[in-house]
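One structure follows; several queries about it will come next.
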Amino acid sequence: MDLSFSPEETAFRDEVRAWVADALPADIKAAMERGEKVKKDDLRRWHKILHEKGWIAPAWPKEYGGTGWTATQRYIFANEMALAGAPDLPAFGLKMVGPVIYTYGSEEQKREYLPGILNGDVWWCQGYSEPGSGSDLASLKTKAVSDGDEYVVNGSKIWTTGAHEADWIFCLVRTDDTGKKQEGISFLLIDMKTPGIEVSPIIIINGDHTVNQVFFNDVRVPKRNLIGKENEGWTYAKFLLVNERNGIAQIGAKKHTMARIRKLAASTQLNGHRLADDPGYQRRLAETEVALMALEYSELRFLSGQKTDHAPGTEANMMKVAATQLQQSMSELFIEIAGYYSYPFDGFRDTEGSNEPPVVPEDAGGAMHQFLYGRASTIYGGSNEIQRDVIAKVLLSL
Amino acid sequence: MDLSFSPEETAFRDEVRAWVADALPADIKAAMERGEKVKKDDLRRWHKILHEKGWIAPAWPKEYGGTGWTATQRYIFANEMALAGAPDLPAFGLKMVGPVIYTYGSEEQKREYLPGILNGDVWWCQGYSEPGSGSDLASLKTKAVSDGDEYVVNGSKIWTTGAHEADWIFCLVRTDDTGKKQEGISFLLIDMKTPGIEVSPIIIINGDHTVNQVFFNDVRVPKRNLIGKENEGWTYAKFLLVNERNGIAQIGAKKHTMARIRKLAASTQLNGHRLADDPGYQRRLAETEVALMALEYSELRFLSGQKTDHAPGTEANMMKVAATQLQQSMSELFIEIAGYYSYPFDGFRDTEGSNEPPVVPEDAGGAMHQFLYGRASTIYGGSNEIQRDVIAKVLLSL
Amino acid sequence: MDLSYSDEQTMLRDSAERFVEANCGAENLRKMRNTEEGFSRNYWKQMAELGWLALPFTEEQGGLGGTAVDTMVLMEAFGKGLVLEPYLTTVVMGGAALRAGGSDAQIEELVPALVEGELMFTVAYAEPQARFDLFDVATTARRDGTGWVIDGSKAVVLHGDSADKIIVSARTSGDRRDATGISLFIVDAGAPGLERRPYPTVDGSRAAEIMLGSVRVDADALLGREGEGLPVLERVADEAITALCAEAVGAMKVLLDTTVEYTKTREQFGQPIAKFQVLRHRMADMMMEYEQAKSMALVAALKLDSEDPVERRKAVSGAKVQIGKSGRFVGQQAVQLHGGMGMTDELSVGHYFKRLTMIDILFGNVDHHLKQFSAAA
Amino acid sequence: MDLSYSDEQTMLRDSAERFVEANCGAENLRKMRNTEEGFSRNYWKQMAELGWLALPFTEEQGGLGGTAVDTMVLMEAFGKGLVLEPYLTTVVMGGAALRAGGSDAQIEELVPALVEGELMFTVAYAEPQARFDLFDVATTARRDGTGWVIDGSKAVVLHGDSADKIIVSARTSGDRRDATGISLFIVDAGAPGLERRPYPTVDGSRAAEIMLGSVRVDADALLGREGEGLPVLERVADEAITALCAEAVGAMKVLLDTTVEYTKTREQFGQPIAKFQVLRHRMADMMMEYEQAKSMALVAALKLDSEDPVERRKAVSGAKVQIGKSGRFVGQQAVQLHGGMGMTDELSVGHYFKRLTMIDILFGNVDHHLKQFSAAA
């Protein structure tokens, strides 16, 4: 058992660190530091830089455009990116539908879709949840009826992040409703420009427009857009959900945020001393840092194949619960830095087109915005209640 | 709305305060201050002093030996007793079976049992729980079979506090097992000296002997010992459970303990300053005091008939949950005062027969002992999980 | 000892709840937040007509002689309806400042207009560097002839954009964090040199940064005695906290009811989610938090006028602690149990949650008041 | 980077678990606590034969050159069985003191006997007034000819009743709470003037108060350099904490397994209580606490020998914080889910719960180590 990196791994870390320090555009880095929302064009710019370097999809098999790195290298890479303040790229193409396509798609589908995902030209969104099916995903009702070479899709998807900016959507649709609800689901790729698709924005409690409801009215989708076999979409959906949860701990990003909180707390005054020296705040800061350490090493343990003793396969569920709780604790620490200045409505700090500096001091930028947005983290991707149901089911059936 | 006492109430408070200061034996008061267990003989001595004064059963109707006080007076009395450091008297006679007897018993039963409860000559214990029935009380199996003028009782009761010191036991027994489990239960008074009764001690995790298992082997009980009607014992049992929970907040005793914790924290050193000035400890002390204030005024609100908005009748359940959680927080604050000296096994500080002073400083006396014992508070009398089930049932059926 | 409502209080509660139900709520908030002032002048006039603006003033002052409990009754109803009108700033805070510090002349001049709904007030007590410390005042006022000249800036002034009179704390002597040397001035919103930068707040209300550049006021603008403004500010804060606690209790009640109703209708896995024991217990805990918050809001109102300063401090800070914790739990769990819908601007849940989150911050959060509580004990 | 067990570690774990399962556990504890020493000399001999007492010493010292991770593996198994033998005091603490401060001569003289199971050690670091501060030392040692005379009293010395050699911290210069001026002495348990007052501890182990009245020791009793004992004590504490964290992980595992099993067999309301969602989620939370504790125990073991003192401090104190919290949760919930049975001396649950409660206190509780963590950060 050994925590240290081999000389090769150290060299790799140094290479990544040096590269990102140089390659990450200064304006994007600065926006991240100020807690601003990074816009689609900027994300795409960064995407293309990574793609050009060949580092856009470390987890993909080498043959499809991956890097061929070891797990430790991928861990180092993700860590370095986050510590450098690089923005997360949307997961829908790279981490979700991409792996589904290269795992279950036809050769033709691989040729058609993977390049656009890798080079960043094609933006994806995810059509899973429906108004009637939240945590009970398999109860979905959006219907795809066979009609010659096409499916005719009717129904609606909800909580669709980025649907208003996406080129394509991958959807779970019902192609058979005679059996168990998990049976009869198919996995379909749909061009967002297809007639009959309507995107309706949902404004969330921080005032932001990131999610949408997507309506399908007699939307005709070619059958060659079906992934794998008809009625077996649930298998691909579960594969994707596990992939989604694996990334959810986001240790690197959390370390970066923690460092920002620590720095800001050191420059914030409270009762005539630094907030960072306030015993109550300090205590919660320490508790949160310990939780982050525990999360990080739990991930490392799981990655290194040292399985949990009790419930094989529940690592992702545990990481999801622990990581989202931690994220919410961190956001509570963060809004405290702002004090009274968490009261003004701030939004992501979009200062474009304004001559005035923002009301909220730069220090606390985006804190409340993220706090509010972060309430969703224990809800989406299977609520934490569902995660605990799963953990308990495995734990108790042993 | 008015918090203040009327002149009559103030006079009453002063009278009670003066009386208890004088009447409470100094040795009992000192034992309480040191966190020692008050022995049966001492409890009985204090019982008889209260009885002589006519204040032994404030909540009883005046005709049966009560005081005729208002609710406010009873509140004042209980508060003053606790603040003066008077020990709680066992509830089994005075607060449990006594009210059942004067409410549901025959005139003969009232004449036979109430005097002994009031004067402290007869000590009672409670035969409710059974090995197979914890929170699911109604599933009890101890059987009473009719045989002429007698019942023949067979079965076993568990967690019977004080059975080894009691003269009588009031029992729930099954007299009919053909219907719903709540039907067919009867409420029986049994002399502990009856042949066939065996008391077996249960040692709990603090090393103490307070609870027992009681076995009944062909125990013959006269039918005149039946309370009310055969098979209707569940009604009386519920009446008694509500009575039991009403007292459970024990605000006065908690204020007394809180004052003791505050005093000890002020005389305990930590890092070269007083533990009471340690920001972390101070914070938890304040949180606990706020919780105690909230509990106290919730009780006052409920007592004054200002019902909860949501779930009429769940006040007792809420008080039980809040009070036991608070008791456990307080016991955690308490053991921290002892620091390393919560490690030696202390027991209740029985210094009799020993020439040496106890290892654990007087300050922390009994702290760990009570911490361990207190784990039971969220279990007995219907676990807190059961209490929440009840609250939710009422809340959600509205 | 008597903890039941008087007939008058019951009537006040019923009429306030009727008003709120008919006029206010999340839908009203979504409409009003796009208007310039963020609230309805028409409602304000109705509140004046209902006598609510007169509530805390004595009869000699032209008021109704209401107690803190009366204000609690009203604010609890306001909390149920996300009321946007500047009752807290004008009647509670402005009223407290005038009653605690105002001269007979000031009261005679200002209270009638306030009660009629013609003058709106706010108190500009916070400063960018001060966090929750009322005594941390860098804004200065220096004598100039018979009047004063004020310089400095005030942070997050609630309804600072629409108030006609702004009561400003300024230092007339001493150092920035001294308890003495703070004076209060009643400043016209339109005074030359006073600039306002208004903005919406997270909970759909309004506030403003206020910059004072050599703002001249007459001698009679001084509220209370020179250098002795802090106790008046503290009184303002305590009355505001007590009112906010009651408002929070009202908001929690709505969230609890809404959540209970939602879980009974929302189906997942073939049954209403109210059938899941974990959610049932969560709602039981929400209810317990609500009841404890309600008890502590009552304690604050009952002891706000206690003569014992320790008792008052513990009651008010204790209530703010409880409301902060309970509000956080009830608000967050209400969102959680509503799932994705709880995250939307469309449902009312998020608005109540945000208001509760903000109430925790206003006048000092849980941490701040735990310290105040400890310092008093 | 590699976080998997070596073959040797797997073997060590398996053999320790076999030993523990065959010999230890709650029943053994209930038997042994009524004996004079509270543990089995026979088991101790077997542990020596198995080589466990030699684990942390280098090969030159006559040991096996085991790492902190090896000790973790062993202690985790001990935690599963409530092992009573003085491994922590003799091998971990005594061993750490000797390795960190011992001269070649001391090591040559003492380690072989320790490894053979013939000499038992403990470290008397705590004092009645010191709480968890290792540097708070009122006991004094003054030079007397070539030797020293020690006066003072030591609190809650673990296995102080049965140890043959007691390593005592005493002040040779400076004031009571100075970091420098503390020296360590190896004192014979039978030294004239040394009095022991033994007592049972809450978790069924043993400790003693030790009074030193003009206890004379020779010059070669000094362990390490005069006045520089604190770093050695800190090393002892860190090794002990790391071992205790592993022990706690083992104890939590047993509680989790036991609780899962119990809820599957215990019936209430006509079904196993494992069917109740609230209890299921509680057990899911217990499992998550256990996994986090296990991760942090690993961090402590992996970083115990880190050259960066900040990294080491954060790892060790962070682990103690996590173990304290997780242990409390797992222990208390295990009792709660066992209902009344969990409160009995008869079931094993209560014994593991008590041990976890005590581990939180030993070498500083959660609060203490949160401060240590913050101070290092």
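Should a chain be cited, it is by its letter among A, B, C and D, assigned in written order, with residues numbered from 1 in that chain.
Criterion: contacts are C-beta pairs under 8 Å (C-beta built on N, C-alpha and C of every residue); 3 or more make two chains touch, one makes a residue touch a chain.
Values in this document were obtained by computation on a predicted structure and should not be read as measured data.
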Chain pair with the higher count of C-beta pairs in contact (A-B, A-C): A-C
Relative to subunit C, chain with the most remote C-alpha centre: D
Separation of mean Cα positions, subunit B and subunit A [Å, integer]: 53
Intercentroid distance (Cα basis), subunit C paired with subunit A, Å: 38
Length of the line joining the C-alpha centres of subunit B and subunit C, rounded to whole Å: 42
Set of subunit D residues in contact with two or more other chains: 276-278, 281, 370-371
Sites on subunit A at which at least two other chains make contact: 280, 283, 385, 388
Residues of subunit B defined as touching subunit A within the complex: 279-280, 283
Interface residues, subunit C side, partner subunit B - complex: 1-6, 9, 69, 253, 256, 260, 263-264, 274, 277, 280-281, 283-285, 287-288, 290-296, 298-299, 302-303, 314-315, 318, 321-322, 370-371, 373-374, 377
For the subunit C and subunit A complex, residues of the former touching the latter: 126, 128-129, 131-133, 155-156, 177, 197, 199-202, 207, 209, 267-269, 276, 278-279, 332, 335-336, 339-340, 342-346, 350-351, 353-354, 357-358, 361-362, 365, 367, 370-371
Partner subunit D, residues of subunit B touching it in the complex: 129, 132-136, 139, 158-159, 202-205, 207, 269-272, 278, 280-281, 335-336, 339-346, 356, 359, 361, 368, 371-372, 375-376, 378-380, 383, 385, 388
Subunit A to subunit D touching residues, read off their complex: 1-6, 9, 72, 75, 262, 282-283, 285-287, 289-291, 293-295, 297-298, 300-301, 304-306, 308-311, 318, 321-322, 385, 388-389, 391-393, 395-396, 398
